[in-house]
Structures are given as C-alpha cells and as structure tokens.
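As written, the chain order gives the labels A, B, C and D, with residue 1 at the start of each chain.
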C-alpha cells in the first residue's frame, strides 16, 4: 500500500505549499506514489482525523513555516507523534524565515502594531453558548526543531522544484540519508552562479548599493557591483533563480554545515572585503548597508546564536 | 579672533596693588583695537588661601567665573594676574583629569571649553610680533630692560611660553624696539607671599633679582605679574635702608612699555603709580616730540 | 543578600601584541579585575564574528578583542580586517539590543602591560553600570518559551 | 573530527613554587579538573616544567593511556615548546596539547584567591573542552639560506660580522654612514682599562674590509624586507658617494686638491667641533678608505662651475664620478642581525643646563672628541675661546633617570664620566666636579676605577644639578658658569663656578627605530628599544624567527656587553644555519577543496599571497610554506571551507563554551 504523507503549514506565507504544486505534472506522479492523508491547504481533512490515526501511521510529514503560536506548536507535536519522519520544509521551518524577523520585537508590540489603538481580540470568545479560543501568540518565533525533533531539512524560500522532487525521490524510494541532514548540496551557491567567473580576484568594495538604487549589470558578479549578495555564504541548490532574475542572493537556502551562525559568518565575510583603514571611512562605506540584521538574518534570526532581540 | 571681544577677568590685584597693570592693559588693547569686556559680577579666582586650604572650594570659585564667561558668550577669558591665570587653568586641568569633581550631571565639564588666556600669550599669538613691529609709534629712548616672567605664567598648567626658558616677552619688546638683556633669573622666585610671612627671606629673593638684572646691564625690569611687580618695586627702599645700596630700578608691566611704544596715551599707562626709579621713568616716558613716524 | 553583579568578559587576544601585553602585565605584577577570560588567537584577523556572537549568547556581558596597533600588525593588516568587521558588527548587535560598550576592540602593543589593566578595569566598570546582558534565566526562559 | 578514538585527557596544574599556588587554589583546581568530561587524570605538582614534572606526563601517557594533555602553568610563550616535547618523548603527537596560562594571566595579576581560582577553573575547563578536538599535526621545515644580513656597522655589527665570516658564512654588512665604526670610533679611551678605542677598533674595521666572506656596503640603507626566516629577500639602497670604491686607492689627494683651501663645512664626525671640505673622509682610519663628496656643499653640484680639481688630482684612476646614481642591491639571506645602535639624548631638551645657550656647555660625546688625539683639537682640551678650563663640572644623568625625559638608567654614563674626569684632569690639571645621583659602577674593574678617581682628587657631589647659569652672586662667579645643586650629603645648596660643563647625556633609541621595527616586523619595548623574545631565556632573539638583536638597539650597554651580545647573536644565527632548516609551527590554513565555492574572498585576505586561486578547478589553495598562520582568511571564508590547524572553529568554539562551564 502507498505510504501516507501529510503536509502542514505553520507560520509561513504559503509559498512552500506552492512549491509542491510547482512540481507541475510531477504532482500527479506524487499523488499516485503516496496517499495524502492531511493537507489543509488543498484537501478537506480535519485535525481530529489526524488525532484518530495510530502513532507513527504517517510515513512522512512535511511541515513548513515557523512556530510562533500555541496552535502551531500543538499541531507540530501531533504530527510528530503520528509520523515516522518529519521534514522541516522550507526556510521558515528550517531557520525561522521571514516571520522570524518578528524576534526583533515581542508579541505585545506586534499586536499593538497590527491592532493599533483597538484592543487585540481576547483569547477566549463566547457567543450563544459556543466558546471560541484563539491560539496564544508567543513572544518569540522558533524554527521547527526548537518545538519538535526534526529528521530532515529542506531549505529554500521556497524550496526549488529540483530540491523538492529530489527530496521525494530519496524519502520515498531512496535509502535514507543521515538523520538531521539538509537535503541540498553542502557547498555555497557561488559555485553554481552563472556569473561566478566575473568576480575579481582582489575584491575591495568602497560603497554598497541597495538593489532599488542601482542598475545591476546582468552579466557581472553582483557583489562586485557593491550590492550585498550572500551567494558566497549560502548553500547551493536553488538553481540561482534570483541571480537569473538579476537579483542578489538574500540567503534563503541558509548556511552550509560548516557555519554555525549564518548571519554572523556572512557579515564577517562581507566586512572583510571592504576598503578603509580609518573608522570614519569604514563607517561611511557601511552606511550603504542600512539594515544589518535584515540583510544578514533575513531568514535565520530565530536559529542564530542570539535568537532574538534582547528584552528591554 | 583678532578683532573680536575678549572676556576680561581682573581679579583682586588689578583693582588694587596692580591697578597700573589694568590701566596699561586697557590702554594697550585700545591702541591695538582689541575689544576687552570685563566679566560681570566676577568673584575671587580661588588662588588665595583657598587653594592651600581646600582645593574644591578654590575650584568652585574658578568654576563660577568660567561658567559666567560662557554665559556672557565669550570663548576667551583674559586673566592678566598670573595667580588668577594659573587657578583658572588648574581648575580646567583637574576637570579634565578627574571629571568626577564636576559632580552632579557633569554639565560643569563644559567649562573646559573656555580658553583661559594670558595677555602676553594673546599679544604673541593673536596679534603677533609682526603686527607689533608695524604698529610701533614711539621710538624707545630708555635703557635696556630685563624681561622677568616669574613662575606662575610658565608652569605647570600654562601655555604662555616655554616653561624653563620663556622668550615671548623678549621677542615682543624686541619688535617694539625695546632692547632687552639676557636675564638668567627670568623665572626665579620673586619672594611671592614670603615678603609678608618670612619677610627677610622674601626681601633677599627680591634683592637677588634686582641685583642680577643690574649686573646684566638692565636699567629696568619688566614683568607680567602683579605680585612680582609689587615685590620688586615696593621693597627697594627697605633694601636701601638695610644695606645702604641704592638700586632705583624701575619695575614696570610689559603692558606699560608696549603701550608706550605702540602709542597709547601716556597718562593712561599708570606710570605715575611706580614706586622705585621714578626719575628714570620720568625721563624715558616723555611724550615723543612730534616726529612724522609711521 | 544577593552577591553583587560581577560581569563576565570573553577576551580574544592576538598572540603577538595583546597576549604578550597581558603576559607583561603579569611579569610586572600589575593587578586588575579577574572578570576577563582570554582566548588566544594568532591574530585579531582570526576573530570570526561568530565567536563574538557565541560568547554573547553563552552569557558574556562583554566581549573584548585585542590586537596590534594599526600599522604594527604582526601579519601586516589582520587588525584592519578585525576593525572593519567590528564596525559593522557593532551596528548589528545594536539592532539586537546590545549596547555598543559591551563590544570593544582595543589596540594594545606588547609593551603596554598597564593598558591591559586600564582597558579591562574600565570595561568591568562600564559593564557593572550597564548590568547583566541577559536578564534572569526565568525571564529569558519566558522570552524563549516554547509554550 | 573523523574516526574519533575515545578521548583520555590528563590535566596538570603547576604550583610554580608559590608563584601560582600562593594565589590560585591549585588543589581545588586539580580536583575540579578531574571532574570534567573526558578527564581521566588530574594532578597538581610543584614545578611542571622541571624534569620530574615532564616525566610525570610521559609516565601517565604510558600507564594511563592518556591521549590529550592540558598543563595549567605559565604563558605558552614560555613553556609550550617544553611540554610539547614532553608529549613527543612520551610517544604522543605534540599537538594533542593545550596550555593554560594561570600565572601571567591569573595568579600574578589578581589578588583575591577565590576569584583567581574561579578564573583558573574557567580557563582549564575551556582547555579541556578544546583539547578534545585537537588533531595530530606534523611540523613543516624551511631551509635556511646560509647568508646573513647585518644592519649597522658599529662595534656590535663588526664583531658579529667577523664571527660569522670566520665561521665561513657570507655576511652582508650594511652601514648608513660613510664609514663603519659607529660611536666607538669617536671615543678616545675606553673604561675602565683606558686602552685606546682606536687601537682595539681599527684592526677589526680593516679586518671587515679585508675579509673575503664579508660584503661591506657603507652609505647604504635597507629599504625593503620580504619573505620569512631562512628566506628573507632584502633590498638595500646604496647612496652615491661619488667616488668609486673599486677604483679609489685611498690616497686622499683629491681632498687636498679641493678648490676649498679652507675647510668650511661643519664636520659631523667631530659633532661640528671642526670643519671639513665638500670632499672628505670622516676620519683618518675610516673604512672604507674612500672619500665622500657631499652634494649639498660641493660647488660642482651647486653651480656646475667648479674647476673639479679633485677629478684632476685623481688622474687616470678616474675614481671620482660626480654623475654616480643611487643603486639598489637585492640580496637573499636566511637570517638577520640588527645592530642599529643608539643615539645620545639631545641636551637641548633640558634648557636649564644651558646647552646651546652657553658655548662652554658641552655634551660628553663632544668632549670625547676634544680629548681625542685625532680630534678637532688634537687632544687639547680647550674652551671654544681657546682658553684652557681651570674648573670643569660633569653633570651625570642628563636625560636618564628623569621623569621628564627618560626614566631608565643609561648604564654607561657614570663610567664614561669617570673616564672623562680622569682624562680631562690628565690633559688640563683642572679641578673636576662630578655631580651624580648615585654612582653606578657594576662591572669588572669598574668600582676599582671609581676608587682610583677618588684618589685623584676629583670632586664628587651627590645631587641632581638644578641648573647651569651665568648668574653671578659675587666676583668669584663673574664670567663663569655657575652650577647650582643640592649637595644631598652635606645637606645644603651649593653654587659651584666652573669654566666648562660636561653633560653626561644618556642613551636613547634611534629616532627611526619605529620604521626599522616595522621593516623587520619586530616589536619595541615601551621605552622604544627593540624588544627581545625573553629578557632572560632569549635575550638576542626577537618574536620574528631568524631576526636577532645585538648592541644598544636592544638597550643601553657598554662595549664589553655589546661585543658579548654580538657574539651571542652570531651564535644564534650560526645555530640556525648549521642546522640547515627550521621547524615551522603547523598552525597554517588549508582549503577543503570539495567545500570551496570559488568565491575568491580569501584571495585578498592574505598579505603574503599564500592563498591562490586555481582556475582549472575553480577553487582556492593555500601554499602552506608562504602561510604565516594568522587565520584571517579562515574567518573571512563565507562558507567555512578554509580551516586553520590548532585554531579550528571546533576548537575555538569549544574553548568559548568551556569558559562558561563554571561561571
């Protein structure tokens, strides 16, 4: 009989769900190959359907999105219990992702930002006999593996079709890789970059530009043009889609296995190739990097050493 | 700030024993078209017994004067009396090295920005030897003089001149055609307050200074400090009484001789207030006969 | 009563200047605060930004990087690399709510034993004023609670 | 960490007598260490660096199958090598070792025992965590080029050069002045034996000139140094002296022939006390015996309208070539000895002693020339006005032992002052007054010399001179220089009128010491003299392998000490050369090629061009011979593909974690 698989979506944009559909006709093969028992975004299953399954009944659960609410946490735990394998699918599940930038603030401030003067809704809401409880919003956003043990990681925002289909191949009919493995190559993406040969040997930057402020030469190394490109620090496997679109790498595929803090390492490397021996000049050059955290931790703040902004 | 207005802190001396210093200073600055605005409601500089009894009190006194300088909007504060100059400087120096003494919110530390100046150094730096040379209005027909700097304007917190071998007064007088002698005792003690406490020691120090100046062929001593001036000037008669030795050495302020050379009105130079060597002074400082001199 | 806050400093000293200066302080028996533990690297240029972040994450209240004076680097220009990384890292940790004073880069030559004392003592004083980088364990736990 | 065998760590805590034990609780430290992960054994011992201490390690390696060692003792700069050797002898790879510095950086700098011990515990736990990741490493070897560069041709450089040359090594001796000889060539006699400086120096100078193994370049300066121990590439700039050294026979007729009949130019060698011509030789015994033309003052250079009688005088030898250009020489040497010497303190900095103001105030060096038979006055000690002094005051410690100038004792001034006192008395019979703070005569025959002077009726007044002045209190002082001083033995202030004042100026680092230091990549101590690797154990070594120090560039010394040190430096160089190679530290960087993404970030990191980009494989590669092991490229590698031996990320992160284990 076909292996049962589940897809679930925590704090994320939905792009990862799209990524599965991006398999195009591949999806049909997939549908034939597996028995999808849970996929809220596409099929009408309920939480209780999962609860009713036996523990370990699901072969693989693909969970995308970060964990930032009590409900997401409960679902993650539920799926962990019911599944043999859990795959952190996409940058948010792997590192916290874009939602992870909320770790620069707190739940209270986030809600205040959203609801303004109006009070945020109460967690419990009663109406003629019925009670509706809203999930609690955590102060911090977490990568999936801070909530439950994770077997494999699939990087990307979103994961590229190639990565996804390769993933299904290994998980469904390949022999399983090392537990904890990231299902993508373990070198940086510069290696795959179509513009790699245009990077000069002795790169020295004397200013930085923001993408929207400069016309990027579509032939030349983007970093060499003074636009922060994180290709050198980012895991390969994305197929250089951003570069193809003449945009710099923003690091969604995350670190290689030899980096411990993605943003820290990326910053360390980038800061090494600027000009200037005087503080004033150096600071002037870095003015072009208006938002260091947003630049270097765009997808990985919750999985960084510091995890979140310090509590004031 | 050539033609700007300097804040002016007279201190007690320039209103008392050293009033000739104030008169000649004002006259000289007028002659050079330099503005001088006396600080309003100034108080004791703290150099007196305060400094030896409780430095903090002394600093507080100086600090008030400096604060008011800022209030008055002056960047520079001219303190002609060496003791005042030193006390104000020392206060700033201590604020630099021990910010804690500023106490409170540390707002007091801003008074370090006030530039405490001595007129000798103002003339040398802001006016300059060249301009003095050009401004000379009267030919010197007096004798050679010994430039005497005393101790406080040259060390330890001062920027007036080289601490062990000051030369600026010599250069300025030279530019004004006033011949000077090489005076080895230019920074030696004038007796200070010893003349009032251990009198005979103080007077002996005075005697040494006068004697050596005469030996070097000087016919007058020129000073930058009211206490030096007073000590050297006032005890010559006593020396004559005790040792029978007639010195009759005029002891003048550099502002008096420079003021004369640069054409300040003679009556306003306070020359009449001198005690010793009055005859010489009378000869030297006659109004220059109407010579067409530029 | 609770014992007074003793800040913890992780110090990355370069082998040729600052580490030797610390040795000199020792042979000169110069006394200074015991709050800094030194990790020796060959050159301040070896100090990876990750090291600094790790130290903060582990609970350092301050991190000190010591290198040779500009122009004096034993490896010619490693200290300039350190300086460039430091200037950008400073802005990053500021965004993360960590005060500038908690991260210091100091040039201390092999001859400046007393400067080791001055810098470390001064940093300890500053950190005592700033207080602990991480609030109580409970608070941090609450902040990073997973339900 | 591949195929990790079970880690068995041994921790050794050293008492260092009481140096550590007095402030750090070594017992509880050892106990604490014993409880740390992977630690199978921990001991404390009185002296770990002693033979028994090292044996302890060897035995435990054998008996307890230890495979990692941590020693908590002094600075690794002192004994890391000792203990690594112990591991090696014990049959363990020497780099399975980490050293914890709980002396220089704990017991000696902290007072509170509890706090010092806590810190020591953190450091030990850091080391224990770190050492678990250590890898076996092999030392590399660099061949040592046998030629030696010696910078500075004073007595230190000369002695070192001859020692090495006699041992059959080729020496390049580079001297900035037109002659070798340095300060010593200016002296008349040397203390305490009073033998004539020239008589002992000039034979050595000509030996240098004659020696087949010595290439002597005077009037030259080192301008560039590349490479590393064993293989230094050095550029020397040879200033034109306008007289060809190979063609000149040293007859000196050109000097006589100069159109200047009267010498007009102040003579530097005599410190301006005499005059020379535009073409001159510094002093009669100068080496090389070749004149120099000074373009500043030579008419031909200024106007081009000189009769150039000098060229005529040289005749068909054609040694004089006024169109001579500066020349660059490039040499390769294995080792370098710096003997760049000192300069004397500038007496103008203490105006109260009247130097430059009163003509009869001299510096000691000037007086050395006055008493010198070949000096400007042919040994006559006379004042500038030709009078013979009847009373002379010698002021000690000018620019020494003084908060306002230099705090150090210059070591030679007391003795040379005594020497000058003796010589001046001998030449003039004048009354001599020595003004000293303390009389410092430690040295063979020094104290005896002092005693001898006491019997020569030379006056000694203990007290730092306040001032030298022309201020006369009474007729006996008229026209004299008056020395005012507090006689601290008699307990009152003296005024002593003299005709001549000699300022015993101290020794200070040369003004350009900082540039020289950078050129050779060594350090200076706080007062500015070059820093030795260790004051006791490596006094002529520097922290840069293959570069040694001799003479006063390392600190004030007298001639005997200078010569001894020069010999020591030569011996250190010889030791390297004869070994033929030097073992290098293995802390170099290397690229994991399959991990390298070819981003080239590392290329611009390396000032030594040790990292190169290999286009064929589109990856970087480190040349481990060129790599000096700073690790800058490692920190810069964005994807962590470059690693550094002994400073692996794993090791450093473990160390950081370890520091917190006890906090």
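Please note the rule applied: a residue touches a chain if its C-beta (ideal position, glycine included) is under 8 Å from a C-beta of that chain, and two chains touch if they have at least 3 such contacts.
As the structure is a computational prediction, the values presented were derived from the model and not from experiment.
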- Task: Using the touch definition up top, find the fewest steps from chain A to chain B.
- Result: 2
- More Cb-Cb contact pairs, comparing A-D against C-D, go to C-D
- Would you kindly tell me how far, in whole Å, the mean C-alpha position of chain D lies from that of chain A? 58
- Query: So what's the Cα centroid distance for chain B and chain C, whole Å?
  - Reply: 52
- Report, in whole Å, the distance between the mean C-alpha point of chain A and the mean C-alpha point of chain C. 32
- Note on the structure: Contacts with two or more other chains occur in chain A at residues 259-260, 265, 268, 270, 272
- Task: Would you mind listing the residues of chain B that make contact with two or more other chains?
- Result: none
- Multi-partner residues in chain D (2 or more other chains touched) are 605, 632, 635-636, 649, 653
- Task: Could you list each pair of chains that touch one another?
- Result: A-C, A-D, B-D, C-D
- Message: Going by the contact rule set out above, which residues of chain D touch chain B in the complex?
- Response: 351-352, 357, 469-473
- Task: Give every residue of chain C touching chain A within the complex, in rising order.
- Result: 48-50, 52-54, 56-57, 70, 80-81, 83-85, 87-89, 91-92, 95-98, 133-135, 139-140, 142-147
- Touching residues (chain side chain B, partner chain D) in the complex: 162, 164-165, 182, 184-185, 208, 212, 215
- Item | Residues of chain D that touch chain A when the two form their complex | 594-601, 603-605, 613, 618, 632, 635-641, 649, 653
- Show which residues of chain A lie in contact with chain C when the two form their complex. 67, 70, 73, 104, 136, 138-140, 142, 146-147, 259-261, 263-265, 267-268, 270-272, 274, 276-277, 279, 282-283, 286, 289, 291-293, 296, 304-312
